[in-house]
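Two complexes follow with chain A in common, the first pairing it with chain B and the second with chain C.
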Partner chain A sequence: MNNLLSSDQRDALQELMNIAMGQAANAMAQLIEVRIILSIPKITAVTPEQLSGVLAEPAVWLTRQSFSGALRGEVLSLQVKAGVEAIAGYLDFGLPLTDKSTEAAVLEVANVLAAACLQGFTSQLELPTRLAAPELYRPKASTVDAAWAITLLMEVEFTLTDTPFDARVVICLDPESVQHLISRLNTMLED
Partner chain B sequence: MPIAVTIADDSMMSRKNVRKAIPTHWQAEITEATNGQEALDAVFAGKAEVLFLDLTMPVLDGYDVLRALQQRHHKCAVIVISADIQPQAQTLVRSLGAFAFLRKPLEPQQLHEALAGLGLL
Partner chain C sequence: MFAGLTQILLEQLPLGICVVDRQFKIEVWNYFFADRTAKPAAEVIGQDLLQLFPNQAALLRKKINAVFLLQNASFSSWEHQPHPFEFSSSRPITGEETLMFQDLQFLPVEHDGVIVSVCLVLQDVTALASYIQAERSLKAELEAEHSALTVLNQKLEAAQNQLLQSEKMAAIGQLAAGVAHEINNPIGFISSNLQSLQDYSNKLLQLTDFYEKVVQKIASDKLYQVQRQKWQQLQYEFIKADLPELLNETCEGVERVAAIVRNLKSFSHVDDSEWQYANLITGLENTIKIANNQLKYKVQLHRDFPGNLPEVYCQPMQLNQVFLNLLVNAAQAIEEQGDVYLSATADDNELRLAFRDTGCGIAPENLKRLFEPFFTTKPVGSGTGLGLSLSWSIVQKHHGRIEVSSTVGVGTTFTVILPVRTTTEPAV
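Presenting the complex of A and B:
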């Protein structure tokens, strides 16, 4: 599965993700006025079982936002539950959080990070997409969407120093979009 | 006499972009480093009068490199080229001695201005 990309394609994709995630971190840092620490992007082709494993972590809030256009797929955010109150405080939510305000804070973080990630990613590729509103996602055990039979999983982690906030953003592409992406990467590499 | 330049970035595409942005008339002897440790090794081997430095790298990141250079009072000119464009990151790298902070994707004009600011163009 992980032979889906050549080393040059993987390198180019990782750098595009790096730039996109940097823009997302900047968008969030402007809101909370605290520096966000970014991981090196990780890119893997995953099986449905592996994706289920990623989504089945009990200690995280999971959100999904579908996108369509020149690329189709979903942006997921995985936010460690223990860190939501800390980030909500920075976002001026009243503390302690209620169930309703927890959900609002999780969706707010998802919207800022995922929107900036996707925008940064697709604008570099010149492949415009439209992003739907985020929703909380509670996948049933061991099931994933059929469209994700082959999924390119592009993941980065955002953390804050001195708080338990930890969020990962994952972009999943459907098989047709993966081919479209590879073709675009090849064009970029030829430049 | 050529100027010793090291480009430190874990991305091959990014290193290539920096190479392409270096002015063609500038006589540079270019070394590439794929992580922070390789960057430091290049600096201490005299291969970096100018160091183009990414921040998010394996082994040692760009901040670690800047701290190591600061501890040794090393005089190489560091130009950070990073996707991490948070204001706090820019302030931090400047406090650690970086001469300039350029954002990715790199525009050649930005790089030329930074080199001019160093009196190297």
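Presenting the complex of A and C:
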């Protein structure tokens, strides 16, 4: 965990994330009436270069969506292009998708996944946040030109059995929020 | 006070605001919605939003359910859903669009930590959408124009190169004419003097032979010894053998210089032979006979000439010169054994004569310099570098062109293309 979190803090956060993702899976199952499989959340500390490495995936749709409130940051999603149709059908999109409806579906999926992940996570921490509208992200440079040096990144992978659908959601906190999160974790550990 | 302010803001903001509960029953309906739907709040409060807008019911249900389930906002953007509600444009007079472009946000409304309602916020983004759409079509237009310009630029560059080539050829032509004229006179007397010299030296050698015999006849050993000594001293035996050879080589050299000068002269003014209608195949066959001693040992000739080729208005002798150059080049490109395929085709406008060889081919970097005067890749002494530039100039005067395609190691095809009906005067 590099040096952002102690091992106690890390364990606590991992536990919180596991619970949060269980809730996210439930919420999504109700919304789209299909069982989505979630990976165990991965928590890492990254530099801007490492984040660029995470995002530099060929053949994926990339979205970004900022959130604010008690915690601030961005939720990024990487959706394998070939898998979008597989989930769009469950979201009432007419198939086959056109260029426009593909974009709409990607954003819809991004919002659903981001909302589910973030809601579970922030409600466990009791740090309410609000999501802004998602947008397609087409990074201009090969590295993220960032004002921060290191941040916390929580990554979850979503798949749909027997379909090519495969999406990764990456929650990135801004450095100030990382400190906020750490003090929150400390309070919870003391209780 | 604050309750009143909230009410005023709700009615005054340029946003459509509508709050529905879990059963889609309308709880709040602001002026914006009332105005655009012509349904006052009093009429719609308590009604089912989905029944009020049956066409949008699917979208609204999905988005509102998502808010309750995910406890977070959901969104609809004009880029993907331009007109969720069929409201007419906010610019009915000057706007080009007929329907209002809308961004929708579905926000959770919490009470004691539980989401009880969803607030639908509609933003009229017609101006922004029109602007972005205009921007996009402008961009597409610009891109189209840009690519058209790029093509034009390439054409211009090609034309400029051609012009440059023509000017270079013309300049070299003038230079060549001047040089040819200057060299022609001295070469003339050098050549005739050389012939006299050859004649005289033969006679001198005969004379020394005669003297030798005279000395032998006298049968004076002493005299004979003196003569032998002198011969050895002056290396007469060697001179006697070398002199005719030297003179022969010199004559050949002068003949070669004279040939170059003749080429230069033809290059600078290709105008001396007569214009007439002629069958090019007859000319080509005659030329093949002339070039035969260069061709016969290593080249297998293949001919494909249809019988009904039109006659071409031309200077036949000049074109034969072109054919000769191309045939000799083809032969020289073939190292040991190879084939040369001659073919002719014609339509109403053009006659095409192709010379295809199975020789060594031409390197791409040499292709564009091929018709430059004095450009040659042949070993010193085998080519002047004038053959193709002369041919180019002759064909150009016939309003025609020469095309080349070549692959190194496979062979080269030169195609002479001449117009069948030349109604104008020859090109200058």
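We adopt the following convention: the second predicted complex is superposed on the first by the 186 of 191 C-alpha atoms of A that agree within 3 Å, B and C clash if a C-alpha of one lies under 4 Å from a C-alpha of the other, contacts with A are read in each partner's own complex, and residues count from 1 in each chain.
Keep in mind that, in the parts below, a residue touches a chain if its C-beta (ideal position, glycine included) is under 8 Å from a C-beta of that chain, and two chains touch if they have at least 3 such contacts.
These figures come from a predicted structure and were not determined experimentally.
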Touched partner set for A:V112, first chain B, second chain C, both or neither: second
First (chain B), second (chain C), both or neither touched by A:A133: second
Chain B versus chain C as contact partner of A:K100, first or second or both or neither: second
Residues of chain A contacting chain B in one complex and chain C in the other: 30
In the complex, chain A residues that touch chain B: 8, 11-12, 14-15, 18-19, 21-23, 25-26, 29-30, 34-36, 38-40, 124, 188-189
Chain C - residues contacting chain A, complex: 58, 62, 65-66, 69-75, 77, 79-81, 103, 105
Touching residues on chain B, where the partner in the complex is chain A: 10-14, 56-58, 82-89, 92, 104-105
Touch list for chain A against partner chain C, complex: 27-28, 30-31, 91-92, 100-101, 103-104, 107, 111-112, 114-116, 118-119, 123, 130-131, 133-134
